[in-house]
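Here it is, the structure, as structure tokens.
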């Protein structure tokens, strides 16, 4: 055990160190090849200029390399695969695209995804905002925040397990072990099979993601709220606005930019997350979403790389407008340096 | 001072605020408490009663077997078997106060404890609260085995640490824990270092193509990672074969995690680093610092809150990851990460709630420690660049 | 009828006492300026009048009505903040209309009042802009406009000009002076630590120091007859020169002797009991002249000459005090660094303070 | 030997031209102040000298060497920013030592220079503090100290005092004046839009407007003989009053006639060709006096009286111009609002500008 | 690794086969062997105990591993070119897929012949291991080891005894018993289809069992290959047979609504509740691991063969089952040797003697089974007249592990059999 720990420790150190040494060495090398410490000023200036041209690429190099290899290349490969059949061996033209256009499950997934996109980012942001506002006002706010942030530390699968204990259904005559049904039964209602209720089951799954992500929204929005100039709020107080009006008319509009960032981040997450649906229903009872559909086509029964590629492309295409808007927003905000 | 303090003056009664936050916290905590309690219960109970009943203790129905007919004594005209339902019953009825009993599985609580019950065939049975019973018949007993009775036994709340013991003492868990850390720590630090350099270049250095790179980076945030697994592993294998080294190594998984977290890291860190005061950086430039020195000595220390915030997310993600670890590190016993090792305990068909819940809690611990250690930076650090004056 | 009355107003933040009993009567229509060093409690007092801070003890009335427990929006006040505090996401029009919208005024009424205020403040062309598209001065005008729209009985300003640059400050100051005339019935309370603002705008100045009122009075009275050393040094720029002296001859026209050995007659009555006691002689930089004769008060070597065109400032060392003595000479001067100059002042321009800092003048 | 030479320096940001050919020779050891309205390009010019902005065209030399392509750290300059720009995570000592550490100076040398600078600026007690534990003035001193440590040939200041409050501004200004004397060999270039700073600190002032130099000269020259209307109005506070006139008699001592019908003799030579042409008569508020006789220049109704104690400002309307005429009277005055007053000025204090705004004075 | 049963000690084991194997494979000592399979938890421990004998006999360093993401992992690994030596695959569909993509090494005719002669219903087993390779040629790829029996109904003997119920011998009797229990105020069946990411699969076992009880094995095979369409009346009929039980409010614990959402792992626990939630539970041979821990097989719980219709004697006694196949994904002498090892009785007996393992291998000593229930199952397996492999496992993944499940969930949720089957068929058509 001790030796394991030592070797692991060694690996950790070497790994991190190797990464750091790249930057250090490459800079050293630059300094040696293009000396600037001494010599003729004209020369130094020229060298510095060359350095300035090279250095961004040294800084960006590892990041670009990693992203090209691990992300760009697979995206291109995916794009190409989308024109091939299930084994990736035979060119089939647009057949996969045609399939996507007509497949019922695919349409179902799109519909559900739209539901998710409409609900989850909005709900997380809304709850995050409300909690941020409320917790900022009490002395134990930080404790409350930590508690609400805690679900972030739980893996999606773990979280799904947790929620199974909430949605669990037992027949009306049995003892409920699902909390929700127990409550329903306590108040005299009939227990329900929550995860099988058409349309609504989507929402029950969304609750899980909302439960996890609200902490994230809360933390970021709480920082933004602190940035609101106090005087604008006092001015509104003098103008006679009540708490509700101040919240909606003064505070929220002022942190709109941050809200947008939070919203975007969660939107992307919603499009990528599939563990929750997988563990809770695996897309049964019409809860399929795109990410799961992709996963299904990719791995189930040997996989169909062409169709899964299509779905992956659709997911990426769906986010593009949001990202473009976000980039615009970002460059407007700071005008660039 | 912050904006919200002012709300207080507006007059919304503070009590309501306290209560609503309390309510939200409870709502948010209930699921977690649910698994915590579940993880402390005995496997048999988990599926048969709600976790919230664990505190109160419950009346549990169980079966017990009375003494063998051979142990019967003759008492006047009657034959009597007596003893305790808790003795040597292979049904393993747990001790407790007997509330009711019955002799038919369909009606296990037909009779109240302590009262003699006429169960037909001239038989009477009395089971007392302490479990002692008297079973008599006006004729000799004829059954081969002891009679089955059903008992409703009040049980005090009981918890067990067995589930945790099972998980923690299972083979290879220590190794897996070390492996997890070996994966997660560099997989957190490396991308942060790399993306911080990149974020600096993208916010403070001028070079052609900067805008396009920023756009591409942001676009890459959405690439679903499942898609890239096969082409990447293929590449790893080819590289491994070419150089004659193992294709699955820590380096491989570090880089994979680093790359998958990279776009988001660059996006968040750039937001922050671009928001650093321009004059400070220019001032360092006038002082003669090169971009490398500016980055290392000025930007890096100043971005610490943002780095800390992002490292929380990256750590959470690598720590909780299973798929990437399995693919790029392998599934051998000595390569398993904690999530994988705990997963292996679940059995092929899954369904071991007690193990699942206990493992969920064990995996949470490290992220929670990391979270609390870095939490104070989180509040002001994350995206602080996008917040004016933040 | 009084505008605002403060009776024994005290304020503490937890253990920290910030205001120690403020008594003040402000007439309706008066323009009152609070001045004082940073941290003396000016803003706190103003914010208490606004209702943004609670009153720890004492009684505060506006328009004859006790308002200790009345929320800000019901006090009939309007406030202009140092940082403008405009709602950044609303146009100028909406900024001004916000309060009335909250109060559910009719559309036409809102429009009328906003346009009237915009007119007064020459903001009409900017009504559709967002605050970020305005210059600092315009922003401050919007903040004032927003306050005007509320039709307040009491107008509160907390250092409204301190974020503006010099030129704008002058312009906006004049704007406020105009406003003061226009709204002659409105009581205005103004916090600043800029003297020029205080002097030019105030009907009466309230000098605060460490949570206490030092002196209340019209600007020129404060300038000419400061009640104590604090006020004397605080009002006027550059600050009054203070020279340590000892009382020679007390009486209706006292004589004091300076450190350098010189003595001077001061047309101020000093009680006989104080004979021989140390005191402080105050003389404003603008009241000092260069003396060529022997009738000088102090003599010193010029440390620094600042020629501002219209006036020239001399900084002298080697005078009686430890701080350099500042002299403000009109126009330009040919004195240069290192010169030894002698200074005199008209006796009626001299001020005399006892060791506790209180003035000897009545 | 020249300190800094600018030859035909131009700067554009993309399509936007910011500087339109700046020519300037700065002597070694000179203290030059750039003033001008906001956005005129002062900071841009300074940042170009520092090397933080590239030069679009023209030639810039420091110490005789062309530096267009030389990076900031090699130009022998040091810069103090308006926002201090201290490294927030380093102590005062480290802030000052940073540049030398980068340059790989020896430990002892670093220590010597830091302590010397700290001594000069009275920062020794704070060497171990972080910037956030310092007051604004102290921070600015650290920024200056950091610059001093670089032993620069040229010292650049970009509005170093504008973030400080009035009292600190005065104190730090004097500090800089002292520094100027101490580092007599160091060329200093200082950007501000505060007149007092410009007037008190500068050896020569460069007045910029919209990317062009309007006038260069010692402060008093600019005050007394502004080259054009822009400079005339820009230097001096309150600004010079401008009265539209027509040239009556040209000649060595011209006569001009004012709108009100009055005419005045001005001891300024006007070419005969300009006879009958409109012109602008300039007179500073402090040069105007109240006239009881008939020898007045203008007459007007008092709009506003601002009594500052030491001086009194009058704002008059109904004069010849549209803007109110400002008068600065020494001491207090008994003029009150609504009075009609007549104003005169000594002829030698008058300024005359042609329609293009250029002065007639040589 | 320690060997669970010391060689030579217990007569019920065929130690000779072990020694023979050892003698024959001394040459591969020191090689390594990776195996990747679906077994986790106890199953993993058990398999490792078997592997230990192989390692001990050959000196090979054989390592087994598993994963929750088993199915993805094998797809990724094989496609990326870093497969284990041996993949253990429970679905013939996946096996077929891997073989057509050329990722499997053929085991050769001699192995096929061996299985044919030594396994009960050996021909059927060979069929499930034989697929087209990349070149289009048929080959034998999957060596069956460890079988599961599916045609079983579990019950608690004492509950039956108390209520006076008899184990039914025919389907007609079973239906009668079902009604009888309802009449007595009880609930006859526990059915749970929930299984997280695989929700729905238990229903497929029902339908398959019903197919075998209403249609000929040939029809069953055609159904698997989709020659008989999913919405064929034969299939729809079988679905409705399942519906007879699952869609009757009175027959199932918790009502019909509970069927789809109850987890299949929780569902058998109802048998042991007091009072019992149900009396009958249809599930495969692995299910005892989900019984409460103190239940002794054979005493507290037992099973009976899911009976056939007396009205259809021509169908014989069909047995539905499943099993895992060992396929060589990376060839090596050790891989080959391991397949050889699987042919030794000892490989089977070591697992048999511990728990939950059935084998159709006729050469094993049946006394090695850990208990009578297992033994009974083993006999059932070896004596079956018809053995049919789980149909859903043989269908294309998107059907057998997708549309079929979804269809059954929809069916239980209210759709009629015809529509549900129609949709499954449509999905199947979409694959072509």
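Points worth noting:
For clarity, chains are labelled A, B, C, D and E in written order, and residue numbers in each chain start from 1.
We adopt the following convention: a contact is a pair of C-beta atoms (placed from the backbone, for glycine too) under 8 Å apart; a residue touches a chain by one contact, two chains touch by 3 or more.
Everything numeric in this text was worked out from a predicted model, so none of it was measured.
Chains that touch both chain D and chain E are the following: A, B. Using mean Cα coordinates as chain centres, the one most removed from chain C is E. The chain with its Cα centre farthest from the Cα centre of chain B is D. Contact analysis places A-B first among chain pairs (by count of C-beta pairs in contact). Among the chains, the centre nearest to the mean of all shown protein C-alpha atoms is found for A.
Mean C-alpha positions place chain B and chain E at a centre distance of 31 Å. With centres defined as mean CA coordinates, chain E is found 93 Å away from chain C. Per-chain Cα centroids separate chain B from chain D by 67 Å. For this pair, chain A with chain B, the centres built from the Cα atoms lie 20 Å apart.
For chain C, the set of residues touching two or more other chains reads 52, 71. Listed for chain B are residues 9, 11, 47-48, 226, 230-232, 322, each touching two or more other chains. Taken residue by residue, chain A touches two or more other chains at 229, 234, 237, 295, 298, whereas all remaining positions touch fewer. The residues of chain A lying in touch with chain B in their complex are 1, 4-5, 8, 11-12, 15-16, 19-20, 23, 27, 31, 36, 51-53, 55-57, 59-60, 62-64, 66-67, 69-75, 77-78, 127, 131, 133-138, 141-142, 144-159, 161-163, 165-166, 175-179, 182, 211, 214, 219-220, 222-230, 233-234, 237, 242-243, 246-247, 251, 255, 257-258, 261, 265, 268, 271-272, 291, 294-295, 298, 305, 308-309, 312, 315-316, 319-320, 323, 326-327, 330-331, 333-334, 336-337. Within the complex formed with chain D, the residues of chain A that make contact are 37, 41-42, 44-46, 48-49.
On the side of chain A, the complex with chain C involves touching residues 229, 231-232, 234-241, 245, 249-250, 253-254, 256. By the touch criterion given at the top, residues 38, 162, 165-167, 170, 174, 177-178, 193-196, 199-200, 219-220, 223-224, 235-238, 284, 286, 304, 306-310, 313, 315, 328, 330, 332 of chain C touch chain D in their complex.
Chain B makes touch with chain E in their complex at residues 43-44, 47-48, 61-63, 91-92, 104-108, 148, 150, 226, 229-234, 236-238, 240, 247-248, 322-323, 326-327, 330-333, 336, 340, 343-352.
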